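To keep things clear, I will list the structure first and then write my remarks on it.
We call the chains A, B, C and D, going by the order they appear; numbering starts again at 1 in every chain.
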Amino acid sequence: MQDLWQIQYSYLIPLLPLLGACIAGFFGARWLKGQSHWPIWIGVGASAVISISLLFSMLGLWKVAGHEKGASAGHAAAQRSVAAEAASEEPPLAYNKIFFHWITAGDPSGTNSSKFFNADAGFLFDPLTAVMLCVVTGIGFVITVFSAGYMKGEEGYFRFFAYLGLFIFAMTCLVMGNNLVMLYLGWEGVGLCSYLLIGYYYEKPSAREAAKKAFLVNRVGDFNFGLGIMLSFLAFGTITFFSGTPQHTGLLEVAQAPLTAFQQHALRWIPFLLMFGAFGKSAQFPLHVWLPDAMEGPTPVSALIHAATMVTAGVYMIARCGTLFVGNAAAMNTIAAIGCFTALMAGTIALRQFDLKKVFAYSTVSQLGFMFVAVGCLAPVAGVFHLVTHAFFKALLFLSCGVVMHAMAGELDMRKFSGLKRVLPKTRILMLIGCAALAGFPLITSGFYSKDEIVAAAWEKSRFLAALMLFAAFLTAYYSFRLYFRVFEGPEILPSPPENAHGPGHGHGQADGHDAESAHATGHHHNHEPWIMIGPLVVLAIGAIFAGFLNFPERARSLGGFLGQSPSFAQSFNVATRPNVANGRVIPPLPFGQIAAQEELELADKDFATSQHSLHRMLMIVSGLISLLGIYFAYLMHLKDRTAAERLANDFPAVTSALEHKYWIDEIYQNGIVEPLRALGRGFFAMDRIVVDGIVWLISFVPQASGFALKLTTQRGYLQGYAVTMLFGIAVILLVVFL
Amino acid sequence: MLGLLSSPALAAVIVTPPGDSSLPAMTVGAPNPLIAPGLLFILAVAAAVGIILLLPSRREAPLCKIGAAVLAAAVLILAIVLGKSAAGAGVGVYFWIFAAIAVIGATRVVTHPRPVYSALYFVLTVMASAGLFVLMWAEFMAAALILIYGGAILVTYVFVIMLAAEAAPAGGQKMHEQLAEHDAVSREPVIASAVGFALLGILLFVIFDRSGEIRREDAGGAAAVTAAAKVAATTAPAVATTGFHPVGGTQALGDFLFRRQLVNLELAGLILTVAMAGAIVIARKRVVGWRPLEEIEMVSTPAIGIDDNPHSIPVTGTDNPRQKEYPET
Amino acid sequence: MTQLALQHYLAVGAILFAIGLIGFMTRRNLIVMFLCTELMFQGVAINLIAFGRFWGNLAGQAFVIFVLVIAAAEASLALGLVVLLFRQRNTLDADAWRDLKG
Amino acid sequence: MTAALLLLILVPAIGAAACALLPKQGAAARTWAFAVSVIDLLLGVCLSAQFDWKTGTELTWFGSSFYIENLQFGLKLGCDSISLWLVLLTVLLTPLAILASFASIKDRQKEYYAWMLALLAAMNGVFVARDLLLFYIFFELTLIPMFFIIGIWGGPERRYAAGKFFLFTFAGSVFTLAGIIYIGLMAPRGFDLNAAVQFVQHNPEMARARFWLLLAFLAGFAVKVPLFPVHTWLPLAHTEAPTAGSVILAGVLLKLGTYGLLKLALPIASPDAIGLFAPYIGTLCVIGVIYGALVAWVQQDIKKLVAYSSVSHLGFCVLGLFALNTIGVQGSVLYMINHGLSTGAMFLVVGMIYERYHTRDINRLSGLARVMPKLAFFFILFTLSSIGLPGTNGFVSEFLTILGAFTSTHLGVSYGAFAALGVILGAIYMLHMAARIIWGPLKTPDHDDSHGQGDAEPATQHGSELPTDIGAREVGILVPLALCVLILGVYPNVILNSIQKPAQAITQAINPPAQAVAEAR
């Protein structure tokens, strides 16, 4: 595998976007101006091409290797091999490409207590990386094309594209990194880019605060992630995932080998720390507050970063370090629990949001909850599959929102307009596809298949969890079509032509800063749907529909099978099936992508196979019905008579206000954490001035005071007074000397 | 100064003054303490109390009398104890007389409110100590003392007292009011005398109790001699060449002075000339606000007849504002 | 001259010195203060002569001569100053000259 | 030729004297000073050229003519890889600082530049001195120029600040002098640094003395590195110092303290003494980190904010030192260099803003990005470097110091965890500053006054009512620092590998292999 040209030149994948970003950034202001999207298009396009070709060549390799293995699979029936043996024959599709040693510290000889820390600038290529690369660079490229149209005429046009290029660089590093510190590099890099992009309209104080909030909340997550890295280094002495050397000294491999007491203790903590880092990045419950505010940034940013790529980094990390997580049952349960809770919470909040982008923001938080549930229920394939499909339809939804905003001169509030199907016919269809995929419209949309797999995995874990997930799916269906019916169907209402055109940041909430530009749109017949914007949408729509079939037939040639080849999935399955971990339960190998094990298991006991298939069929039907129910409900409440929703809301004022105030979490954080810390800071500063400086002043005051006191008492000017004192001194001396 | 002291002591080894062969080479007295230290301190305290009462202050006359009595008693006891225990230790009766006069004179110098009397008592003390000098065979010094001290210095003092006598307060009757305020009251007599007599007590204690045996050079051990001899050898040649042998103390002193202490003598002369020059410069300096003679209203006492009663000289209080603030003791 | 005799003379010298000292400290008249210093010189002279006699050499006496020289010089200067001071402040009180206090 | 070591000190010293004697004020002085500092930079480079990095053997130079026999104190110079990197940092920062003060220093320029060159000489002296007393002399010598620079060209409260700065450091370092003299007299070969250190370390009867020596050195160096309780002089000195002054103060002078700790305190204290102290100093550092960060967050004055950030950052640096393992020491040496670069640059940028608007109040400035995009770019870059964003130099050193504390047997996981809190707090106050000044709607102190007096140098005054973005000179100052920040971020091994041997030597001595510490695993 290492002789693939893509791998040899893999440094181009992150480097080209970075180069594009630098060119756009430094030369954009004066020379490129309007054309500064070209370097990015070329850079991201090239890396997209390399990634996709890498994916296909990997698939090619997988098919070739698959045949011999397939043949051998037949006769090696009892292949339930122990983890070490399975890991020994190198799965063909993983290769560690190290370019140079990035950080090396500690003494190499490793004597006495000091250890040897080595982080390489290296990339790891396996099916998981390939899939993620394609998602990132593919959708990234589509969005750069879209944003060229969307951002035309913006004053900081070049700055936007520079940040975009930087983001792709950071995200590709994150995905391809072969050790935790490279992952951390990408992790913080994307955090930085989201900070810069959210704060793109830096004139607006709300954008400025949102950017700062995003970066700091991410930083809290990264703090835990950092601690996780350090603890794993302390325990295992290395942070590279797979060493590629026969003796398997990679972090994930050593984690499986027999552990000392300290390592076991550490393994109890490492998953929680890494998980908390993932929650920070993927906006899960405790640290989700930054994502809704991130909608301050321009729409393509929301599409790319806050829907498709960055937020999925958390899921990717947990899938990559599966072996660390799977062994720790408590960790897996917390992930599933937090994921489910976030899904429900975000779903409910989305019901009462009237801002288009806010609805989709909460929907993203909810869908991420779904992915975490999948990963939590020992179904990483389902998680990654949903990640891929979600990337397509959520990007589609956000970009169509962008088109709507573009047309409505930056107006985003649902209540201001409706019935836009005549004005924006193409966008209406695309939005419909997107909403259907999000809702999980049965059979034709990708959302249905991926969500169904997650529900199945949840069912495996516990019936109650599956029920909650189905309810969340219902909520998703409801609020997605609530939006669709209110915006595109129903009587045609257009927002009054914007009179105060030029005030930046006018209008309620975070009206898009570039309304000044769209204000000059002459009247309504102007074509709001230029091809440069609609083209990418169509591509995404196709993806939204057909992505589902990537993993549907669930057989050897599916996405699951391909992902199964990744050492992470294979080894985490081995760890999962260990007696002490599985303690008796039969772990279905399919969600881990272990097709061979699945077929062999099905050969072994028939009824298991039949029960699995009937279960899947039943769940598919149920989730299909749920989504149809959700859509019908939305139709009832928002198309037949719009007032029904309001009436329902007024019936439960407490619930509605809770939803509208996002369960007051922001306020809790602000008053519970931020204000006390500032007060503490002020207290320290006061202490600094008073206590420490007080002591210093005292030290200087005491000699002065005593000097003055002496002056008053003894130095009275009497000549004889001095004589007496002298005499007294002589007497004392004589007394001492002679006595 | 150190050099001065050591070289004569060494020289003495060689040039022992002839003629006092009848020197009683008494063996060094056993260092039995002549006076018990306790007694010494009690006497010191008594003397202190005496002095305090005697010092000029606003007290009535009788108290001063008691003070004088106490002081006299203390000195007498000291003398008796010393005399008894010493039993003719080479100090004749004249010594006691002169000593007594000196001490009484000294106390009166200090305690007498009138500066003129102090000066005169000082002359008395000088006479007494001259007597002591004679007892110690330093007849030239005795004479010099009387001449220089008694004659020159004390006369200057009296002269200055006359010059600087303040205007007498108008119509003062009692002796106390007549006195200038700064003469009548002494400053913290209690503390000063206490400290002074403590020092005296210590000195006496050191002299009598702690002196141990001060070995005289000739009675010294071999080590002392050899050291002296070695040093003497280096300085001796200058002396040996001349054949002059002084006769009597004064010649010896003269010889010693001009042979050994020539440099110091010249220096002494120099000091005197410098002092004289200094005195002239000081005296000639113009005093701020000095007005030609005729304008000076007579600051000194009005030309009144001075009767022989010393108290009758009127002493005027001072009109110096800062004076008033001085707290009454 | 025996050590005992020496001690007697030293005693007298010490007494004179002490009395002079007390006088210097208590009397507030400038002239009397100088007089007391002269008294102290006197006490020292007696000691010097006594030691000279005890050791049998003339250094004591020579030194007393120098003491006299110093006393004379000092007396002349001091009294000159006293006269000056008197002319300036019309008083002989030592307290008049406390400007250097504090 | 190792005489470059001596020239490193002599050239600026002579330059300073000459600068003071220049005929008239103005341009001559500043170009002369800049030329001398550039020559010093070249000397540093030539020294590093002939330094053989592989083995890291120490270059030494011995001034025999100045050797005082009975005291065994003489002019012994030398540098190993750690001190060479610090020398390079000094000789890089000083020319930039001098260049930066072309515009801001208008009165008494001759003296100013003379003092700056004298400071350069003293700082180089500290890093290359291989004689205990000589080290101390240069250590104290740095105070004098700094005292004048803050005292004369400083802000409103400059005298108090200069006085406090001088007395604080001096009071501490007097104890160090006592320690040094004690060692100098006890050690067989007198004040020779390496010999003395070896002697104290391996000599059994010095055991009790080691405890007190460590205390003495800690007193002196802890004040210089502002450890928690004795740090109040730093914010005051920074706010009152002129731009160049605070750049050098933050960039190099604080490193004297950590360098002293590394060179003297650590090796001298044997395992028991340092082991005893490491947890306490560790706690002080962690407190310093969190305390400095929180206090920085509530500051109104930008310079005071960056000053407190230095307190917080150096808490990390010393924590790395007292982790007493190779990773920690390497991390902290790298931290010294990175902090010098990023905080020095931060002060330069803040100085440039001050030159234009004559205010450092965070509430009166906002949205400078609109007016000064280039300055905003550099501001953000150096902010990211100081909060330790991976890809910039800050991250590598911060990560290594915390990792060192984590894996240290003397400190422990809890120290590492609490220190890592500083990472979040660091981001909070730096981004708080960046958000308030760079982003947001444009607000500058009343426009009219800013263009009234011709403050900024002509380059920015070409007619526009608002002082425009940074000129060529200022970009020329910031670009080298930015390059260093990025290069060290991408390839920190250039430093890490070179200081690996000395760091290991120091920690080897502290926890000798013989007393094999019970391995954590």
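By definition in this document, contacts are C-beta pairs under 8 Å (C-beta built on N, C-alpha and C of every residue); 3 or more make two chains touch, one makes a residue touch a chain.
What you see is a predicted model, and the numbers here were worked out from it, not measured in a lab.
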Chain at the geometric heart of the assembly (C-alpha centres): D
Result of counting contacting C-beta pairs for A-B and A-D, higher pair: A-D
Inter-centroid spacing, chain D versus chain A (mean Cα positions, whole Å): 38
Chain B-chain D separation of Cα centroids, rounded to whole Å: 73
Separation of mean Cα positions, chain B and chain A [Å, integer]: 106
Geometric centre distance via CA averages, chain C-chain A, whole Å: 101
Per-residue overlap in chain C, given as positions that touch at least 2 other chains: 21, 25-26, 28, 94-95, 98
Chain B, residues touching no fewer than two other chains: 187-188, 192, 195-196, 199, 203
Per-residue overlap in chain D, given as positions that touch at least 2 other chains: none
Touching pairs - complete list by chain label: A-B, A-C, A-D, B-C
Of all residues in chain D, those that touch chain A in their complex: 164, 168, 229-230, 232, 291, 294-299, 325-327, 330-331, 367, 369-370, 373, 384, 389-391, 395-396, 399-400, 402-403, 406-409, 413, 416-417, 420-421, 423-424, 427-428, 431-432, 435, 438-442, 490-493, 496-497, 500, 504, 507-508, 511, 513, 516-517, 519-521
Of all residues in chain A, those that touch chain D in their complex: 29, 100-107, 111-115, 117, 181, 184-185, 187-189, 192, 195, 199, 202-205, 207-209, 211-212, 215-216, 219-220, 222-223, 226-227, 230-231, 233-235, 237, 260, 262-263, 677-678, 680-682, 684-685, 688-689, 692-693, 696
Chain A to chain B touching residues, read off their complex: 718, 720, 724, 727-728, 730-731, 734-735, 738
Residue ranges of chain C in contact with chain A within the complex: 21, 24-26, 28, 33, 94-95, 97-102
Of chain B, residues touching chain A in the complex: 187-188, 191-192, 195-196, 198-199, 202-203, 205-206, 210
